[in-house]
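Only one structure is covered here, and it is reproduced in the block below.
First chain written, first letter: the chains are A, B and C, and each begins at residue 1.
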Amino acid sequence: MSQIKSLADLKKKREEIKTGLDVRIKAIDPEKHVQVKVAMATCGIAAGAKPIMEFFIEQLDRRNIPGIVTQTGCMGYCYAEPTVEIKLPGKDPVVFGYVDLKRADQIIEKYIKEGELIDGIIPVNYETIDSKE
Amino acid sequence: MHLLVCGGTGCHASESDAIVWNLRDELEAKGLSEKVQVILTGCFGFCEKGPIVKVMPDNTFYVQVKPEDAQEIVEEHIIKGRKVTRLLYHDPLTKEPIGDSKHMGFFKKQLRIVLRNCGFINPENIDEYIARDGYMALGKVLTEMTPQDVIREIKDSGQRGRGGAGFPTGLKWEIASKSKSDVKYVVCNADEGDPGAFMDRSVLEGDPHSVLEAMAICGYSIGASNGLIYVRAEYPLAIHRLKVAISQAREYGLLGKDILGTGFNFDIQLRYGAGAFVCGEETALIHSMEGLRGEPTIKPPFPAEAGFLGKPTNVNNVETLAAIPIIILKGAGWFNKIGTEKSKGTKVFALAGKINNVGLIEVPMGTTLREVIFEIGGGIRNGKKFKAVQTGGPSGGCLTEKHLDLPIDFDNLVAAGSMMGSGGMIVMDEDDCMVSFAKFFLDFTVEESCGKCAPCRIGNKRLNELLNQITEGKGTMSDLDRLKNMSNVIKDTSLCGLGQSSPNPVLSTLNNFMNEYVAHVVDKKCPAGQCKSLMEYYIIPENCVGCTACARVCPVNAITGQRKEIHKINPDVCIKCGACKEKCKFDAIIIR
Amino acid sequence: METIKLTIDNKEVEVEKGTTILNAAKKLGIDIPTLCYLHLDDLNIENKPGGCRICVAEIQGRRNLAPTCSTKCEDGMVVKTHTTRVLNARRTVMEFILSDHPKECLVCAKSGNCELQDMAHRLGIREIPGAEYAAVSTYKFDTSPSIKRNLDKCIMCRRCEMMCNEVQTVGALSAVNRGFMAAVAPAFEQNLEHSTCTYCGQCVAVCPTGALTEVDNTPDVLRALADPSKTVVVQTAPAVRAALGEAFGLEPGTLVTGKMVAALKALGFDYVFDTDFAADLTIMEEGTELLDRITRHLKGDKTARLPILTSCCPGWVNFFEEYFPDLKDVPSTAKSPQQMFGAIAKTYFADKIKIDRKDMVVVSIMPCLAKKYECQREEFSVDGNRDVDFSLSTRELAAFIKQANIDLHSLEDMDFDAPLGESTGAGVIFGTTGGVIEAACRTAYEIYTGKKLDRLDFTELRGFEGVRAATIDFDGLKLNIGIAHGLGNARKLLNDVRSGNSQFHAIEVMACPGGCIGGGGQPLHLGNSEILKARAAAIYNEDRKKPLRKSHENPFIIKLYEEFLEKPNSEKAHHLLHTRYFDKKKKIIVKQ
């Protein structure tokens, strides 16, 4: 370990380390970040959700998008698996169906980055306990 | 993905280390070590259900995890993405599993300022603390603020000492800063000694750097370059984490000479206490650190004028210090919006006793007892009725049903006949005898009195003996007057805070549960059925069929009676073990 | 001088800043009762741990009662010393103290002279509530050659501890254990015999109860007196006559030399002699040694070490053997007067009256408890027969006279027997600090210079200052004299000697503050330093009245040398009157 010789050094150091804790820090306040929920019930996994989830984790990081990728249970759209729910800060969640790697890339580039909707949206017709509160 | 495993003393004792090793082995075997980190953290507070494993970022909260569960967690949750329902926390009312810790009643009402990093960072890795803005407050203080600015900020924040008495922290610093001396000391009082309290331990174990940083900030503002942490030797894990933290901070130059190139020097040493309760009193603590007998001396002089080795010394409690860095970073204005008019910020409590969620919590000042006990604490165990809650440990008093909606702060608790103390909270239900309860605390004070002044040394012993008489049914009504008089005199004449507050459990139970005392001395009955001497096992003749089961199980042959005849218990021989009552199939044996 | 005004019991008083409430009240004639408090003005000795809580008073605006002995006055303070709250508290605390004290006043050595008894009487305590079930704290009984410890009677006033540590710096006694079981004991709870104790007896002198008392040798002496085959010889130390009267209600400072002699004769002692005679002998030996060493030193003899230290005080001898064994060749080799007397009595005098030393019993009456130990030292006996068989303290003699129903007041004055009862004023002043060195100067001056002294009172050597220094002009040879009384003061001078920084040629050391008049075996002064001053004045008076005031002029001393010893420091004198010292530093072995 080397000495930290000034406040500027300390700040630099903090920025260096911070990414390592990203996963945890973002989880404190998920609302402020892009939340990606991949449906990972048996049907989802069978339809290939696992590589999709890994793709999101890797690519958000690589493209410098502060986001949280988590798994979730069956969303009920078994016909459209793999399904992915994206929630942008301050916006209602949007669910995408038939997500493969190509679509996943589109979702990141178009919807997450630009806010443009793309094909394959499944209309959301449920309320969560959270949204009631 | 991060797997946070609780490394607090409780979970540590339940083999949380083995959980970490097993998780790492599993991940290694599955080739996931790169993607998933396993981190040993400080206490999550939910000790009732430890060991805890928390999965980030989805906030999955696994409870009572065993080392052998590691495989399932990795295979199911990490690889397949399915939560292990079996290990999730189940809501005690709905019995439904709760996947996200944010939805747990235990965490919902909490506001974690002091515990902000506990259960979140690896306490043995300074980098994780720095990533959480660690040492930024020290940097800010050293580069942008004068010592007076710092003291003003702390004064404006309204922070009061969390050790028990609630003395304004900023004022304490100001007094120490005005004492003229070439050498001054900053002392962290980590001699936590209340029965059942472990707030300070958890902070030291979970976030040691916050205390180190705060001490350096204090040193800068009062003009001290020496810090001492007085920590009890019975806290080996806390001591270990402090040692690691100090050495890491030194390596980074955040302790030592010329900190952050500002010319400010500050270093910290550890001093071990032998676990004497009285050494939490600051003069006794200082004498103990000096190598003298740990007993208090009369104030004045206050430590701020003449403390460690006769030099001005500022003594602050762990919890008080742990809030300082965040107050500096977020500002007094942020902090003093939290809490009540005269008690700002949050308070950490250790919940214990007959409560569902035993553990460590942090709530804003002004939270009601009801919220703490019934919402966060999950209510009384086994659906029993709430009777009282003791705050302030052996120095505090009990609060009852009528105080449940009292917003908790320093002044309200005192007004209600108790005190904040360091934050122990012991909940009692209908099965607890309040006389025995007062006696329990007196047992403790008698054990922990240093013996210097007569009222505490002898008076507490006499209180204890008299309570003993009462629980044995040998008390009289005039004894109750004597109990009260002795208590008042001990409070009035004792040398230090220990003796001045030790009769509080007696006085507050006398105030709130006089009827129970009267039942003991007049009716010779213990309403809660806890005092053995006042119990009598009795066979209801109408219910007894003469099966002889009770007589056969009685270890002292106190039960007589022929087969098919009514049996009798000889109360002079009976040792009240209760074996007969358990054995009787006809509900013929009762306690009366 | 800054003064402040305050009101005590509705009376206004103006006092110097820093004055305690207790002393301010004294100014108004208000005598607040105290128990643990002890203050010896001129000797700078003060004990105020604030432990007994008897001296409490009410201060307006203060939450609890304040110990007046250790609470300083503040401007505008309003104090009430006898409100019902105060009286009730004082009484209750006294009941606490008494409840933890054995009720065996009938057979207690301190009965009638016990501060606890007096306080119980003063506060009108007639019963101790709850005594039937109140436990009394106990501690192992310990006895040593000089001092008995019965800590069941200890009230934790800590006076002994203060004396032992702060005044004497012996460090044999300190508080051990906690709470109700707290006691004052040597390190590792060893017995006194295995501690660093010097038997100076200052702890006994200040003990308010019967916890610390002298070993009572009266029965041994009575048995010797009752044995017709024994010739019993008694010697009395100079300080005894200046204090014995106090035990019989006489004013402090009343000399009772003649009555004391008469009482001893009435008790049946065969010969009543005077230790003063041996003191004169000591001067001859020690004075000669002093001159010899100085002369040799001035001639450049490296083996002649300076300063020379007096060696007549056994507490002091024990002290340097324990703490300064490396300097054991520095003190004079002359025995103490007690032992010189014994050696001469059992040789020269036994021959004179033609009896075997085994048929002679030598008893000493001493103001001292260390003398009991000294006479038991192995080197002071011949074939197991001690030179001095028993040593009684002034207190024991007083009790013995009372037992024998002798009315001291009505006794006609009698003279000491010849030949060992004749003494000069020089021998008398041995009893007070500075006296030995003054006596030595009177003789050494005349021997060294061959001139007659025209002024015998070396007032520059007198006084109560703990460490004193004076230069005496021996006709051109300027001798630097140092005086220390109290072992703490002696330690300061000894440290200088050890480091080679001492400017003195000779140093007189007395272990007890005030010298022998303040010895551990004297009637208790109970914290009144006026008593010590009166005793010292009495001794100087006796000196002034003596026809002979220089040791070398004592005709019996001259005769002793002619008939028996030849000359000072002769081979025979060396054999009988000189001793050597031992390294008695305690080696503590810690068992692993």
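By definition in this document, a contact is a pair of C-beta atoms (placed from the backbone, for glycine too) under 8 Å apart; a residue touches a chain by one contact, two chains touch by 3 or more.
Predicted model only: the values in this text are computed from it and were never measured.
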Central chain (distance from its CA mean to the mean of all protein CA atoms): B
A-B versus B-C: which has more C-beta pairs touching? B-C
Separation of the C-alpha centres, subunit A versus subunit C, in whole Å, is 88
Taking the mean of the CA coordinates per chain, how far is subunit B from subunit C in Å? 53
Distance from the mean Cα position of subunit B to that of subunit A, given in whole angstrom: 39
Counting only contacts in the complex, subunit A reaches subunit B at residues 1-7, 9-11, 13-14, 17-18, 20-21, 23-27, 30, 38, 40-41, 45, 49-50, 53, 68-71, 73, 129
Considering only the defined contacts, which subunit B positions touch subunit A in the complex? 1-2, 4, 56-59, 80-82, 103, 120-121, 127-128, 130-136, 139-140, 142-143, 248, 251-254, 260-261
Going by the contact rule set out above, which residues of subunit B touch subunit C in the complex? 276, 293, 295, 297-298, 300, 446-462, 465-466, 469, 482, 485-486, 489, 491-495, 500
Within the complex, subunit B is touched by subunit C residues 49-53, 56, 64-65, 67, 70-72, 85, 88-89, 92-93, 96-97, 99-100, 129-130, 133-135, 155-156, 158, 174-175, 177-182
